[in-house]
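Each of the next two complexes has chain A plus one other chain: chain B in the first, chain C in the second.
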Partner chain A sequence: MRRMFWLIAVLLSSVCYAQTPRLPQSASGEEILKKVDLNMFSENKIIESRMVIHGERGSRTVETKSWQRSTRETFSEFLAPARDKGTKMLKLQDMLWTYSPSTDRIILISGHMLRQSVMGSDLSYEDMMEDPHLPNLYSAKVSSEETVVGRSCWVLDLTAKKEDIAYNSRKAWIDKTRYVLLKENLYAKSGKLLKTMEVREVTEIQNHWIAKSILYKDVLKEGGGTEFFVDSVILDATIPEYLFSKAALKK
Partner chain B sequence: MIEFLFKGLVRDRSRSLFPVLIVAAGVMLTVFLQSWLNGALSSLIQSTAHYRTGHVCVMTRAYNEKADQLPNDLALLGIDTLLTTLRGQYPDLFWTPRITFGGLLDIPDEKGETKEQAPVSGMGVDLLASDSPEWKVLNIRPALVQGHLPKQQGEILIAEALAGKLHIQPGQKVTLISSTMYGSMTYYNFTIAGTVRFGVAPMDRSAIIADLNDIQQALDMQHGAGEIVGFFHDDLYHEDRANVITEDFNTRSSKSSDKFSPIMGTLRTVSGLADYLDFASSFSGIILTVFVVVMSIVLWNAGLTGSLRRYGEIGLRLAIGEETGHVYRSMMVESLFIGIAGSIAGTAIGVAIAYYLQVHGFDIGSMTKNSTMMISDVIRAQVEPSTFAIGFLPGILATFLGAAISGIGIYKRQTSQLFKELET
Partner chain C sequence: MFIFKLAFRNILGAGLRTWLNVVALSFSFVAIIFLQGIYTGMNDQVEQATVDAFYGGGQFWQRSYDPYDPLTLDDAHALLPKELNALVQSDQATPILIRQAAIYPEGRFRTILLKGIDPLQKVLSVPSILLMDGQGTIPALIGSRMAKSTGLHKGDELTIQWRDVHGTFDARTVRIIAVVKTSVQEIDNGQVWIPLDQLQSLSAMPGHATIVVLRPSISPPGISSGWEFKSLEYLLQDIHTAVRSKRISASIFYIVLLFLAMLAIFDTQVLSIFRRRKEMGTLMALGMTRANIIELFTLEGALHGIFAAFVAALYGIPLLGYVAKTGWELPGAADAVGFAIGEKLFPTYSVALVAGTTALVLLVTTVVSFLPTRRIAKLKPTDALRGKMS
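Our next item is the complex of A and B:
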């Protein structure tokens, strides 16, 4: 549980679910989560992605290139649209800085700013900052089995282990054979549904199953949600050390 | 007869002084409260109009539904055409676009990293046009405390208190962090031109004033504005005219099926002050009613006291053949004199006090420092023609009623007992 959005983690991390031994039909929620977790992450990766944000007044496309080291350090640069081109973000552990070329300022994103939307999408900075390793944040229980987008899935009920967490509970649909999160609902402490995620396309890269097309929807927000497309992924890539420093933001 | 009664009142102060003092005190209180309330209400309406809603306000239907959240993602677009339409169709008002937004003001240190941050509520208004009405509407020139007025794009004014809190001075660079109309976080550099103090708590707490073009760029709102506000040329809110204009505009231009079509609202409806304004406007009537009732009771009592003192006089008048009705009517006429005299005295004193407070005002800043209502820190009474007249109705009516009730005792005197009473 913890994985705020697999989202950027699943997305950006663009998850890999590899050819690992299958779990028995009676596997526990914790075992399934660990399996997903184990197969989802690789050490270093470079990802090029697009977010198509369907707002009330039309759609916008935001293109990004990200360099990710482990799951806690990410350097991202926005490539489009023109207004946002050159904007960079650096996430180091629990800190997040952004750099905008128009102001030539590096700003620490903290406090309530973390609740802001990332580029107007259905994802927030808080989502990006959450530990993507769900077993660290949630306890899991298999509640049922369902078929989602033609794949047989376990349905997991995830309950937060900590108080100070954005989503108190989640319902996750996990592909039984690929260990890919195919669908997820995120809930507030009150039980109110806050966000949904649906994987629309999964592809296999270097023995990892990667969610290639995902639809995120902030239920409290008008509009048609945010489609996330992974255009390219290089796993176990060599990434220069300097990228994970604030100095790299202004370069 | 009238002269006779008048002389009686003047020469016998025991009959007139106490009632006149009571009436004068009551009338003074009424006059003062009415002018004070007028002043407070006018101040609230004026500040709300100037700093928030205008006398009328045009926005999209969707924006109108969430106006308290400043939903700039639902803002008006293509405002040039709409402005031309409004100026052509409704020349009774002048129109100006505004963007109201929230955000953080980030103060960099010498390395360009964040030194201080504070939440701000900002307004993007037409600051740089030579004929912009905003200078007058927002009272910007008199509000300037330090620095100078913005002369070019990229310059802003910030609240003096905010500048003090952030330890910043005119000339310093700051960065606004906010959201574009598409929801992206946005950063925009400004130079502080000057600091301002408007004397309106919500503005003085955390306001920044920037040019509309700058804010359109910062929030990615080209040719957009959250609202277009309209003001009557005499700067007074004419509710009836505002209602007519609003209804006409909405009939012509607003489509209920399109949430981005423009809709016009009046200060009363847009500000959310409708209930408050209703209560405040009926408050004068409440004051007058309470005054009449209370004063009538007091003067009734005073009349009874006077009747006791004049028990012998009235008995004698009845004994020598004066009709009961005549005695009663003469007391009514006396009460009229007392009411007029008391009302004149009370009005004079009340107007004098009100005028003093109109000129000097009363600082309620310590009570409004956390207020979100657009009300001035200094409340002034407002003396207007009705102030001179408003005390006469309750002043005379209360005296009349008091005398009428207490005078009923005259009819209860037994004529057969009068001489016996006089003998004792």
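Our next item is the complex of A and C:
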């Protein structure tokens, strides 16, 4: 689910891209990553999205509406399916709470629970807690150039700058002209591939390029992965302050 | 002595009625002793197997470790203090590092405990020596319950994912070197065992352990801080509590069995007193007091218990002795109970168990035999001679 937020942010990054000058062909990995990071984040977004979870026993769709302030504060409400409707999640910095209307309780997701899957998807709560500012966490090097979904991309090898980063290394495919992350592989310390992310569709919203369809996959698990669709995005929206408080979870 | 001889003659004279009661009561004797023996055997067997496989002579736990709280596992590791290190060096103790991990058998996510053990350890009965046979990959041992629940077999390769000491994900492929047939759940369900040095290295925790198991009969050294000693009494208390609760629930069965036997004795006594009114009148006319007659009838009832004890011994000793020797084969479903019993349960009968059960049944039989005789206290000899009850 953290990925979900992060990917939303990724989608939004393309917005800023349109306003920033293009890097030269020989740009360094660090420069590209900063550019992606710069484009990725903008203040205050409201996003309506669908998450289609393809499990072994079929697929199910979870619809959410999220209010995001900077990259560290997000309030989300589940709109569908009926059994999850009204479930809310609040992420403030490094803390994550959920509220379920059926139990009328707010639960702090911590420790062992962070490793659990969000709504049975390929994303864990832990993924949600990760700092999405990649330049803070990884050093980047351009390893090659490839074409992904018809777009010319830089392939960046990202290596963790510190020891306490969840994924020791990543490989990222960055659109050369839009500065959108189109594909990403996440690796364990041993080099084993753990998760993948693929952007399948990019669209222009409010004069910005946004990834509209993303497939997220835990490669160690069976199943078709988790698809993420952005239905609408409002940038620079006015978001009431009270949403980013625990009190809002029960409202 | 006269009353005893008379009671003995009377009870033998009752013929089939007596022997039916005796046989029914003997069943109670045998069943109660058998079931008590089963639970005593279960307790002993589970305790011995668990001590051999995991508890040893007690364990030192790193202060943060709580086996009932997986949230503690991230921090539950530390370097061994020198006192424990000395015991490990002299094969008097073995360290175990426990980490939380995930496996994906058949593509399904499952959390497990990844345990690192020294392949050359000599403290526990876990066949850790098999972990020496890596053949290029990380060797892993699993228990038979774990193999059954995950569908894993010897020779299968499996991806295990965990976090190192810094929280970074790591994932490796391990090869199931052996599926250990064990009845001890503490080393089986939801667990994968790999060599200690490899887990320490992969988790960036060189020299660290979560628990240290002592060899039986080793006295625990005093350690100032960071580690807490858990005695066998403490470690086994869950098993003892579970067996005790099973023993209590089984006592309902004894009560029902005993109740049925006592009902037969009670009926016999009531009928006997009703049918032998004239005899009682005659005995009183001959000089016996009411107390003597009450004693006579109570003794007759109690003799059922004594006869039953002999009859029970006649067929019970060879039968129970045979079961104790060959064991009682448990049905497959018994494994789901989670006790470290194995395929056969060997009952244990002690002198105290047999003597206690015999004394209890004789006491209850005597009390039940006495109750109907209270009416005799009000009996007038003249009424009795006429066949009436006063």
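A few points about this structure:
Everything below uses one rule, namely that the second predicted complex is superposed on the first by the 234 of 251 C-alpha atoms of A that agree within 3 Å, B and C clash if a C-alpha of one lies under 4 Å from a C-alpha of the other, contacts with A are read in each partner's own complex, and residues count from 1 in each chain.
As a convention for this text, contacts are C-beta pairs under 8 Å (C-beta built on N, C-alpha and C of every residue); 3 or more make two chains touch, one makes a residue touch a chain.
None of the values given here were measured: they were computed from a predicted structure.
When the two complexes are overlaid on chain A, chain B and chain C occupy overlapping space and clash.
Of the two partner chains placed by superposition, A:S232 touches none, neither chain B nor chain C. Applying the stated contact rule after C-alpha superposition, one finds that A:S144 touches neither chain B nor chain C. By the touch criterion stated above, A:Y167 is placed in contact with chain C alone, chain B being left untouched. Legend: residue contacts after superposition of the two complexes on their common chain; A:S245 is shown touching neither chain B nor chain C. Legend: residue contacts after superposition of the two complexes on their common chain; A:L220 is shown touching chain C, with no touch to chain B.
In the superposed pair of complexes, A:S121 makes contact with chain B only, with no contact to chain C.
By the touch criterion stated above, A:S190 is placed in contact with chain C alone, chain B being left untouched.
By the touch criterion defined above, A:R60 lies against chain B but remains apart from chain C after alignment on the C-alpha atoms of chain A.
When both structures are laid over each other on chain A, chain C collides with chain B only at 385-393; the other stretches in 79-87, 187-195, 385-393 or 403-411 stay clear.
Common to the chain B and chain C contact sets on chain A are residues 56, 117.
Interface residues of chain A facing chain B in the complex, by the touch rule stated above, are 53, 55-57, 60, 83-84, 98, 100, 102-109, 113, 116-121, 125.
The touching residues of chain C, counted against chain A in their complex, run 70-71, 74, 100, 102, 104, 106-109, 111, 159, 161, 163-164, 166-173.
Here chain A touches chain C in the complex through residues 56, 110-112, 115, 117, 160, 163-168, 188-190, 192, 194, 218, 220-223, going by the rule given at the top.
Residues 62, 73-74, 104, 106, 108, 112-114, 175, 177, 179-180, 182-189, 220, 260 of chain B are the ones that touch chain A when the two sit in their complex.
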